[in-house]
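Next up: the structures, one after another.
What follows is a pair of complexes built around subunit A, which joins subunit B in one and subunit C in the other.
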Partner chain A sequence: MGNGSQKKVLIVDDEAYIRLLLEQTLEELEERGVDILKADNGEDALRLAREQRPRLIFLDVMIPKINGFEVCRVIKQEYQYEDTMIVILTAKGQEYDRQMGQEAGANFYMSKPFDPDELLELATKVLFTNDPDYYPE
Partner chain B sequence: MVFPRFGSRLSNKIVAWSFIPTVIILFLVALTVYVAYQKVTEDLVLKRDEELTRLSASEISASFEEYIDRLTTLTRLPDIYAGAPRNQRLALIGSKNQLVFFDAGVYLMNNLGYVVAALPENPRLLNQDWSNRSFFRTMVRTPALYISNIEPNGPNGEEVIALAVPILGDRGEFRGVAAGMFHLDVNSVSPFYGALIKLRIGRSGNAYLVDSNRRVVFTNFSEQIGEVFTSHPVANQALTGRVGVARTRSLDGRDIVAGYAPIPRTSWTLIVEENWSDLALTSQGYLRFLWILLVLGVLIPTLTMAFGVRRVTRPLMDFTAAAQRIAGGDFTHPITLKTGDEMENLANQFNIMAGQLKESYETLEMRVAQRTEELTALNSVAAVVSRSLDLDQILSDALTKTIEVLHMDAGAVFRFDLDAHQLILVDQQGISPEMLLLIQRLPVEASIIDEVVRTHRPVARLVADYPPGALREVMERDQLKTVVSIPLLNQDSVLGAINVTSRSLIWPSPEQLAVPASIGQQIGVAMDNARLYKQTVVYAQQMEAARQAAEEARAIAEAANAAKSDFLANISHELRTPLVSIFGFTRIVQKRLEERIFPLLPDQDEKLQRATALIQENLQIILDEGQRLMTLINNLLDLEKIEAGKMEWQFQPLPIGNVIRQATTACAALFDGKNLSFIVDIPENLPKVIGDADRIVQVVINLVSNAVKFTPQGSVIVRAQQENREVIVQVIDQGIGISPSDQALVFEKFRQVGDMLTAKPKGTGLGLAISKEIVEQHGGRIWVESEVGKGSTFSFSIPVVDPGGHEERPKVDGYPEGSLQER
Partner chain C sequence: MTPITTLNRWLHKEGGRLLERFLQPLGEPLSILDADGKPLLGVSLDHPLANGVRSPILQDNLVAGWVLSLPGSRWGELTASLIAYLLDQEMQKRALAAEALDKYRELHLLYRLSERLIASPKPQLIAETALSEICSGAQGAHGIAALIHKDTQQIEIIAGCGLSADLLPEALAPDQFIGRVIQSGSAEISNDAPANHYFRDLDHETVSLLCAPLKSDTRVIGIFVLMREPTRPFTGGDLKLISAIAQQTAPAIEIAHLHQLEIERAWLERDLQMARQVQSGLLTKQIPAIPGWRMAAFWRPARVVSGDLYDFIHLPNGKLGLVVADVTDKGVPAALLMANARSVLRGAAASIGRSGRDSPGKLLARVNDVLSQEMPMDMFVTCLLVILDPQTGHIRYANAGHNLPYLRTQHGARELKASGIPLGLFPDLEYEEKEDQLAPGDSLLMYSDGLVEAHDSRREMFGFPRLQDTLSSLTIDSRMEGEELIQYLIGRLTEFTGPDWEQEDDITIVTLSRSI
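For the complex of A and B:
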């Protein structure tokens, strides 16, 4: 539980509009002092994750350079005992992807198009619950 | 060696079959003769014995005659029959010399029974009363000769035999009795017994003279005289006074013949017993003769037969031995028989046969050797020609081999050009250059091959028989004498010919030409094989080309298919990404308008109110249409995955009732704002099925949303029930219905029913196609029943799980186990 890390959310998607959509969806959190970090490829995502230690990462799968599952796996290995929560976010709604995400260590899985209310609720709960190991249903 | 045993066995059989009956018959004849003879002999012997006995009895009686005469003479003396007692005594003494026979004395009695005189004189006896004596009492009743039994009639009462005659007066009146007496003493010089012994009655056996009191008067065994004769086997029948004979057993067990006869003028009986063996002594000799005959009758045929059989079977043994020698391949020993009968004929025939056999055997061996040689030649040619599939190579090899196996000096092989009717030289061996020039291309008519082509058979020809011409000249110069031409045949068509030639003058027989004929056929077949091979190679090349083309086409098609799949996957991803933005931002716009903008607007402004309502409606339309587009894309992707076999199925045992209830719950929202009632009729006790719950839910939602889409008002019913081994799920609507011609099409991709212009359908047209794929993946069926204007019923079935196991789990084998476990 690093310095201010619980107030950081990392958004990883190669689509600018999707990043924007996620950012605006999480606008409320910014108002509550949460830092929203963004990356459009796997490398940047890993770098930001290492530097900023975000509490929550929304991670697209099909991203340039390093794919989302790989990013997820690396982060989960490096922060094995940390409480970074990774939400895999992909257009693919198939069980195979879900299973790959689980194997990579993802905590949650949301398919696009997502419900903004649902996504905001999840993020709010993760960031503002007293229980550091909160795991969404 | 085997045959002597065979011979002896045969002779044994012959002897047995002829000898044994002979012996039996002989024996029976001998036995019959013997028995008959015994019978006749016995009769004769008995008769003779009876007669002898009777004669003996007469003789005995006759022997008494002298005594009776003397006594009778005595009684005729006047002093005796008429004198005073004193005179009688004197007369008796005077006759003393004539009466010496009577060893027990002679006595005279008067008519009262008193003794009046006795000889030898005995005064004590005079006047004794003898009237009680048997002879006197008998005499008183019947004055005639009387010979007494053994009785105590002696002067002193001793037992004697009395011979009494009456003394008769002039007028025949009874005046007394004169009785002469004999002692029972055979040892004395009794003239009585002396006379009996002289008769020699019973020469070989015993004779008994028995009185009527059964006292033995006389027998050979003197000690028995006077004894009572009772125990003899024939005693009873003998004493009946009849003449007779009997064969019987004596007391001491001897086989005897006993004859008996009464002694005339007495009450006595003579019994003569003799041993049977003595009587049958003469027949014994005859019997012995019979036995000798029998033995000879057995021996002579036996020996004759044994000898004869030996004579007959010896040639048979010789035959056997000869046959064995022939069987062993030895034809050099003929059978020599000089019996002069059928045997000799047979032996001669046999020798002729053996000779013929030897001849044909040798011929056969020769043929086998010849045939072996032929086959070897054929084999070597076949081996050579089958070594290659190249036609020219085959012909060259065949030529070389043919020259070799036929022992020729040179040769050439030709191919037959059917069109040009020419022979084209393929190869040659040992042909001179001059000749080579002549035979490069040979018109068929110019060659010996002409005949070969016509007859399809090898032909041999002497060079000397060739028609005059260049060819003959060249051949003669090359010192070739004989040419053999062999057709190369395949199924009656001449493919070519091999001509071989020799510097020797040979004229092969038809048999010798058979080998070249076979060689020609072998080569013909090899040529055909080569042709077929060539053809096959061409075919194979064509096939390979076709296969490669097909392979390429398939690869292209597969690539195209894969490209299509990739394209679909990519395009749907690409299509979805902007939709995510459209959805997301529309929702954010909606939210912000509702939360931040609309509250700021003045409530009174109706125009503004209408505008905000319109904005809200428009935003909702964007969301709805976005949803429609999303559904379309998702369906497209699903269908593609199912068809490409890439769908990941999550098959597991499911409580189908719960799954369908869950689907109807998800459908409830579809009825919002519709004038439709939604009826769910699912029993509690539905069995489990194997299935993918999400997909079954998808099917139900598809069907229900279709029903909602095409039903303006009324009700939509979802019903499920078990029928046999299936669960049938029905979605029943009261909508516009489907015409029968369209019912078959509704499950096809991008089909929608009805007039596209007048009744614009909603939906993608993929829902039913996907549903069909899903149901069929579960091993079930999907179908529709409908009537236009009344409504439709869409039904699908899912097989029930066999309670015994999960074998019915459909089409899950291709998926890794792990993918099934997480849920």
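For the complex of A and C:
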């Protein structure tokens, strides 16, 4: 597990309202001391990932500058980010995206509209438990 | 999140960075403390500033934190006002985000529901799915889904979520809360409702209720009734959400319900076709072939199955029994009785035949005794029984309320009259017995009322005189007998009724002709 990365979550989406909704969904975690970081493009996402080393990243696919799959691939390839869990967020029914996400090394896949309860549960388990189910190979 | 927590979190993040940039160029010692006086930003408490002046950061008249400044400095109060303003903005942003998340939750719920509804083939499953979504969304709610029968307006509960209590019939009265929703088609809330007005066996005295209609294009097909403890009233938001779910669910329930009815109808149809096969199997296929005689039979139910019956029974003494009978009513009940009547008739004929006495009157009396014990109220069987001696052409007959047969001779067609009460109404009856003679060329026509009571498009009946005239018009020389005679009669009937005629009653015809 990376140093300190378990207490940071990075939200990457170019749509402001989705960032807002994700942040609000994770408010409970914020109260438990988790830092919520946000980026609206792939470049900032990579920079924040390198600097802050978040434990969990919610990553939209269609984002400016560097697309979500590429961001995912780079993060997963760079050794020091190996503990970072990446959740690909994409529009409903895009099965092709799911496959691309898997190929890029994403750990989870969630379709929008996302289920806030499910998303919070996932984040809580990734950040606060060592449940092996949440550490897929 | 309270103003105190919000201030702490905000200062920890972008607020802290902003204020540091703001305070530094001032060159003024300032410190920001939380509501309990612990430092959040600025100098530590061992600095002389610890004894400075505290200006409150107010949010809705609550102290969310303090700004500590040197006595006499105007920056303390100004900074506190600025932070209070920014905190207010942050609080509003968070409130908006919370509200947006609630809406998003609803959106997701409706989205997921629509996915799950498509996958549910049964109305009960659809209602259960929708209810479980509602109950998980409107926290602490229990509920039922009920369908309203189109014709009777009876309520049928098809799904429940944490609530098994029965709805009281009184609750559906138009002046009651639930009845009003059914009448108006608009969802309503009744917080603090008396529980015993609506539900049987519920522990609470009062409950919060929400009732939403399930509407099709033309009517209210059902309702969702949601209940919560009186301490948790339903809100306008609940009303909107549950109405939206009901609106989305109703067409799916209706389609599934129609689909289910269609499946049931198809099963019933299959059963009826089987019943028809069984029933037609009961009717004699092999028309007796007796030298010097020609016989034919025709049987056409008005529905899939029939209450009509014909039979040819060979008696041990070489004579032949010919039967045409008609059970009151049509369809399945009549068909079941028809099968029973046939068995009883055959049984009775066999025993009488063995005794050597072949009295049709006595035979009908015996059949009547059996049937009158078994027959349901208001049902009976009319029956004509003719016993033919093929050697001589002599017939003996008895009639239990059936249409009079016609004997067509060279002098025209005449009725063979014998009277009697239909079978199955009263026991211990006697039946008048008559006899006659068929000469070569003569024909006997036995039939059920479906033939004579057929109507044309002007509602005029085919009737006995027309049948008698039709028969009389056939001279013996025409040799119209057997199948040809039946087809001729059906041809005349079709001419009369027209091609679009929907057969009103079962039709049975039996003909017996003596060859020349």
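We adopt the following convention: the second predicted complex is superposed on the first by the 124 of 137 C-alpha atoms of A that agree within 3 Å, B and C clash if a C-alpha of one lies under 4 Å from a C-alpha of the other, contacts with A are read in each partner's own complex, and residues count from 1 in each chain.
Just so we're on the same page, a contact is a pair of C-beta atoms (placed from the backbone, for glycine too) under 8 Å apart; a residue touches a chain by one contact, two chains touch by 3 or more.
Predicted model, so just to flag it, every value in this text is computed and none were measured.
Shared-chain residue A:62: touches subunit B; no touch with subunit C. After overlaying the two complexes on the shared chain, residue contacts for A:116 are found with subunit B and with subunit C alike.
Of the two partner chains placed by the overlay, only subunit C lies in contact with A:23; subunit B stays clear of it. In the superposition on chain A, A:31 contacts subunit C only, with no contact to subunit B. Ranked by how many residues of subunit A each touches, subunit B and subunit C are led by B. Comparing which residues of subunit A touch subunit B with which touch subunit C, the overlap comprises 17, 21, 24-25, 92, 113-116. On the side of subunit C, the complex with subunit A involves touching residues 1, 5, 9, 13, 94, 97-98, 100-101, 104-105, 107-108, 111-112. Listed in rising order, the residues of subunit A touching subunit B in the complex are 15, 17-18, 21, 24-25, 62, 91-96, 99, 102, 112-117.
Those residues of subunit A that touch subunit C in the shared complex are 17, 20-21, 23-25, 27, 30-31, 35, 92, 113-116.
Within the complex formed with subunit A, the subunit B residues making contact are 573, 576-581, 583-585, 587-588, 591, 626, 630, 634, 648, 650, 818-819, 822.
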